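In what follows, structures are represented as structure tokens.
Each of the next two complexes has subunit A plus one more chain, namely subunit B in the first and subunit C in the second.
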Partner chain A sequence: MSKLIVSRFLQAIPTIWIIATLTFFMTRYAPGGPFDSERAIPEEIKVKLQSHFGLDQPLFHQYLLYFKNLLRGDLGPSFKYPDWEVSELIATAFPVSLTLGLFSLLIALLIGIPAGMLAALRQNSWLDYLPMSLSMAGICLPTFVLGPLLIYTLSTQLGIFPALGWHGPSDWVLPSLTLGLFYASYIARLTRAGMLETLQLDYVRTARAKGASSLRVLTKHAARGGLLPVVTFLGPAFAGLISGSFVIESIFFIPGLGKFFVTAAFNRDYTMVLGTVLFYATLIILLNLLVDLLQAWLDPKSREVR
Partner chain B sequence: MTQQSSSLGRDAWLRLRANRMAMLSIYLLLGIFLISLVGPWLSSYSYEQQDLDHIFQSPGKNHLFGTDNLGRDVFARTTYGGRISLAVGLLATLVSLVIGVTYGMLSGYLGGRMDAWMMRAVDVLYSLPFIIFVILLMVLFGRNFLLLFLAIGAVEWLTMARITRAQTLNLKKAEFVEAARALGYSHSRILFRHLLPNLIGPIIIYATLTVPAVMLLEAVLSFLGLGVQAPMSSWGSLIKEGAEKMDAAPWLLFFPGSFFCLTLFALNFLGDGLRDALDPKSSKD
Partner chain C sequence: METALDEQILHFGLGSEPQYLDPHLATSVAAHNILSALLEGLVSEDPKTLKPLPGVAKSWEVLDEGRTYIFHLRKNAHWSNGDKVTAHDFVYSFRRILNPNLGAQYASMLYPLKNAKEFHQSLKSLAIEDIGAKALDADTLVLTLENPVPYFLELLNHYSWFPVHQPTIEKFEAYEKMGSAWTKPNNFVGNGPFKLKKHHINSVIEVAKNKHYWDAERVRLRGIRFYPIEAVYTEERAYRSGFLHLTQSVSADRIDFLKEKYPDELHFEPYLGTYFYRFNLDMPPFNDARVRRAFSLSIDRKRLVEKVLKGGQAPASTFTPPGTGGFYPDPGFGHDPETAKSLLNSYLQEKGLEKLPPVELSYNTSEGHKKVAEALHGMWKDILGVEIRLLNMEWKVFLSTISNGDFTLARAGWIGDYVDPHTFLQMWRSGDGLNMTGWANKSYDQALHQAEISISKEERWKSFQTCEDLLAEETPILPLYFYVHLTLRHPTVKGWYPTLLDHHPYKYVYLAKEDHP
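Moving on, here comes the complex of A and B:
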């Protein structure tokens, strides 16, 4: 187990370095710069600003400087919000995205797993067909269609939940539901398939023969193997939740990290773009490691160092 | 069974024809393709023609799908958007196909340490939030159509590479490959003349499933305002406009949204059906 962790960390370092380098040069070679705003800044001020942030130095020198600061954990100041450090901006915006992501995942698991188990237990009955048809619809209904529909029905027409903004828990419902339902659909299908396979295995039959109650067979014996596909899916799901949050934040006007990132890219806020990309990449790598550990714990066969 | 003319392709076709959902999906897709192709010609309005005297008209005789906030005909815009969305879907899938199949075949064929490294790279890439790079690329270098294809294609090739590699690994031990090698054929000839034709089945299946994924990504980009530019339309950009004006004119969301969802639905069902038909061993789901 510890071998897995160590090897993953050793892999993560070059991965993150490549990502950072790629992003660095991509932003710098893109047309435009952080101080080319629509209202013209006098040339002297622009030159001064550029020299203040070291943008007049040779590119490779800037690159080295950025990495030197990065090694000390310093992401630098934002170019667009000069009073703010990039890390401060991330610390402000990320909790919003995290709340959204966690609630969506919770909804996805709470709906998806029971629905999939039910469908597997009562295969080929209406308890199977109904949730599976709904989940197919859920997969084909993109968040940016479902979101407006939910706003229209639950907010505009019925007035149960507020439609836009991010002020209190009641604002969390619609965005999390929009993002969560898609993953609930997916998880329901994976759970059903995994459970169907596991329920046929000998050890489940043995448990049944011992006279264990069907609930106990389901939760104690079959779930461990049957939920493996769901755990494997969690890795891509985390990445998906992050990309999904870009859309959700744009639909519901939520001040999350996704929105900050897109704005920063538009503004050519180099440090902010780089900082956000690095943050996301690290997060994803850590979450993937977590998923792998979870998988190793559930499935002894996968306990080998890759 | 006694008929000897029962080839693999024919068997697959018979199995596919027995799958009612898959057949329905084929008809639905053909219908959507046809409407998108001829719709812009059939309509007496162009997709960009504004008519400020007739804004927000509900669907009716003059405008089948109504008009938008600038008086543009929604039918013309939806079908025209369909052309763009479908074109992006197909072309970007092609890009991902070329990258993925080449990479996968090479990895599987070379084998050994090279294979291990190449697949490890795919694993690493798999775990990255590519959408971030695609967004970054589109924002930084402008909304260039060619770039859109390349960016989307470059994201969606990973699974294709894995599938192709696994198949290549199996096939390269087969006798016909050994025979080709014994005949002294070059590696590229073995790869493209002998291995590739035998990979077509899984490639088709997965390509069918890639098209909806690609279309979804294009729609996400368009929805964020990074896809095609006005006055051009794609289903994604139309859905964005529709979502903004949902209260005043729900049909602006309804028509492009329905076309888009139905297409995704049909493509997913068709992909599943093809998988069952071409590879009976792999169970559904």
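Moving on, here comes the complex of A and C:
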């Protein structure tokens, strides 16, 4: 196990380096720059701005400088909001996205797994068709439709939850539900597929033959193997969930990370683009490692291979 | 919102997160909305007319035919930490924004000051003391101008003229540095009716009443919360669920619905801005004035505004919005399809062409711009038989394409910085950084210069009219319509009036059920 962790860390270093390098040069070669605005800036001021942010240096020099600072953990100030450090902006927005992501995941798992299991147990009955149709609808329905629908019913009409903002737990419900239902749909389908496969395996049949109840077969015997596809899906999904969603954040006016991802690219906020991309890449790597560890625990086969 | 009434806290839709809260670096409407709460200049403005009223200066004298202003500062003007606001603070501030090392985008707003432009652009070797701003003593400030500027006092209400607190700037070493922590809550020292209480990026900026403000007795709001809600539909939802007292904007496709549901809360207010297209005069066919005029004359601006935009905009037959500073230009850009056709034909004959090759029209990706572009495409196709290729681009790509001159016809917009025709007409000076059409006209430059040095209103209006006439005759640009400011505002917001610059001095604003003073 410890060998796995060490080798993953060693793999992570070149991965992150490649991602950072690609991002660095891609943003720089995109047309337009951070100081282009509708009010064209006089040339002499543009020169000052560029030298202030070190953009007048040769590109490769800037690249080396960026990495030198990165190694010290310094992501630099944002180009768009120079009063703020990139790390400061990520540090304020991440807890918001983390909260939203965790709640959404909780909702997704609590709805998705039971629905998928039920569908697998009662394959080709209405208990299969109904949740699967709903999940298909859930996958097809974009969050920017579901969000306003939930706001209209649960906030505007019934007045149960606030329509937007991020001040207290009651504000968490609608955005978490919007995001969670979307993921629940995927999880339900993955659970069903995984369970169907496992339920046909010999050891499950043996358990049944021994007279174990359906519930016991499901939770004790089949679940461990049947949930493997879900676990694989969860790594990247979780990273996506907790690094923010631009759409959900703009619908519900939530100060999360997702907005920075999107607007940093539009604003050509070079340091912010790199900061968010590196943050996301690190999250993905860590969570994938976690998934691998979890899989090894769930599936003895994968333990032997490694 | 009921509790807001008792609390006197205004909930304000800010539109977007301001890039800077430093008055010398700020560049946005959002920044203005915050800075006018936190800082006050030499003068303040009338909430209805925006005419200058005493601010930090309690009185002033105008000498030397408008070339010298002596401001007498009030003794009771204080910074939010209790320090006195002095004439030296203003001199320090003006020097800071004009310091070329700061890289302030709006430094040119101070160019009316003597030697300011030369100093800022390092055109002559000048000492910082040569700038036309001197403190005779703590309470007397003398400003010397290059030329008389009739709207000089109004200009002082732009945030670039606001003072900063010298010890604070020095503490954070922000004199010539952009990006510093002095603008964060707890650090910010201002002299306006409010002080900065909280700033959560992309979430809220909160200001609270400043008890050190000289006119604090007049201030009725206890605080303002600004919410940078960028998505218009979200902002509308926020308003309708009682989260906001006023919105920054309203989506055009919601007008019909809101007119019906919120007839007394939906406001169409005039706004000092022009939506227009730029021709590239370095590219055929627009290197020929006949083609440009033909394009302009084929447009039915009234139909564009009434049938396509439907948002209360006014068709633009001049570049300067009529009434800007009292100037009503004669309409120059008309609608005359027959002349348009014959102008184009004469061009085609001369070039031996059957019809014009397709023309590219560039605009930044947005539903609104697309609608306008498609409507114009229809009109040009009908009347001139021209094929238009619509090219939409992401914002930054668009900006760099335009400034590189890599376009034939492109969408643009301009919002005035002060209420005078000069803020519009100056950009068409030959070689001006904002011109970008490649149009250079000596008579235009002369007329503009004449307007800049004239003192009498008649003379200035005459020169500005000459500028407008030349624009219409040569048509380097295609004015389409004048902006309106569309907003939802709750009836409990009082002391708030429509103004051309969308300025609303907060010290007159309060929340109340009934209309009482």
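Here is the rule we go by: the second predicted complex is superposed on the first by the 279 of 306 C-alpha atoms of A that agree within 3 Å, B and C clash if a C-alpha of one lies under 4 Å from a C-alpha of the other, contacts with A are read in each partner's own complex, and residues count from 1 in each chain.
The working rule: a contact is a pair of C-beta atoms (placed from the backbone, for glycine too) under 8 Å apart; a residue touches a chain by one contact, two chains touch by 3 or more.
These numbers were taken from a predicted model, which means no experiment stands behind them.
Peer 1: Answer with first, second, both or neither: which of subunit B and subunit C does A:Ala163 touch in the superposed model?
Peer 2: After superposition on chain A, A:Ala163 lies in contact with subunit C alone.
Peer 1: Answer with first, second, both or neither: which of subunit B and subunit C does A:Gly225 touch in the superposed model?
Peer 2: Neither: A:Gly225 stays clear of subunit B and subunit C.
Peer 1: Looking at the overlay, what does A:Ile251 touch: subunit B (first), subunit C (second), both, or neither?
Peer 2: both
Peer 1: Tell me which partner A:Asp83 touches in the superposition: subunit B (first), subunit C (second), both or neither.
Peer 2: The answer is second: A:Asp83 touches subunit C but not subunit B.
Peer 1: Return first, second, both or neither, reflecting whether A:Gly180 touches subunit B, subunit C, both chains, or no partner chain.
Peer 2: After superposing on A, A:Gly180 lies clear of both subunit B and subunit C.
Peer 1: Which of the two partners, first being subunit B and second being subunit C, lies in contact with A:Asn288: first, second, both, or neither?
Peer 2: first
Peer 1: Output check: A:Ser155 vs subunit B and subunit C. Expected answer is one of first, second, both, neither. What do you get?
Peer 2: Second partner only.
Peer 1: With the two complexes superposed on chain A, say which partner A:Phe266 touches: subunit B (first), subunit C (second), both, or neither.
Peer 2: Once the two structures are laid over each other on A, A:Phe266 reaches both partners.
Peer 1: Both subunit B and subunit C touch subunit A; at which residues?
Peer 2: 30-31, 148, 151, 156, 250-251, 266, 268
Peer 1: Taking the complex as given, what residues does subunit A use to touch subunit B?
Peer 2: Those in contact with subunit B are residues 11, 15, 19, 22-23, 26-27, 30-31, 136-137, 139-142, 144-145, 147-149, 151-152, 156, 189, 192-193, 235-236, 239, 242-243, 246-247, 250-251, 261-262, 265-266, 268, 273, 276-277, 280-281, 284-285, 288, 306.
Peer 1: Looking at the complex, which residues from subunit B come into contact with subunit A?
Peer 2: Residues 123-124, 126-133, 135-137, 139-142, 212, 216, 219-220, 223-224, 236, 239-240, 242-243, 246-247, 250, 253, 257, 260-261, 264-265, 268-269, 285.
Peer 1: Considering only the defined contacts, which subunit A positions touch subunit C in the complex?
Peer 2: Residues of subunit A touching subunit C: 30-33, 36-45, 48-49, 52, 77, 80-84, 89, 92-93, 148, 151, 155-156, 162-166, 250-253, 255, 259, 266-268.
Peer 1: Which subunit C residues qualify as touching subunit A in the complex?
Peer 2: Spelled out, the residues of subunit C in touch with subunit A are 17, 19-22, 27, 100-105, 107-108, 121-122, 177-181, 183-184, 200-203, 227, 229-231, 233-234, 237-238, 240-241, 243, 394-401, 403, 412-413, 433-434, 436.
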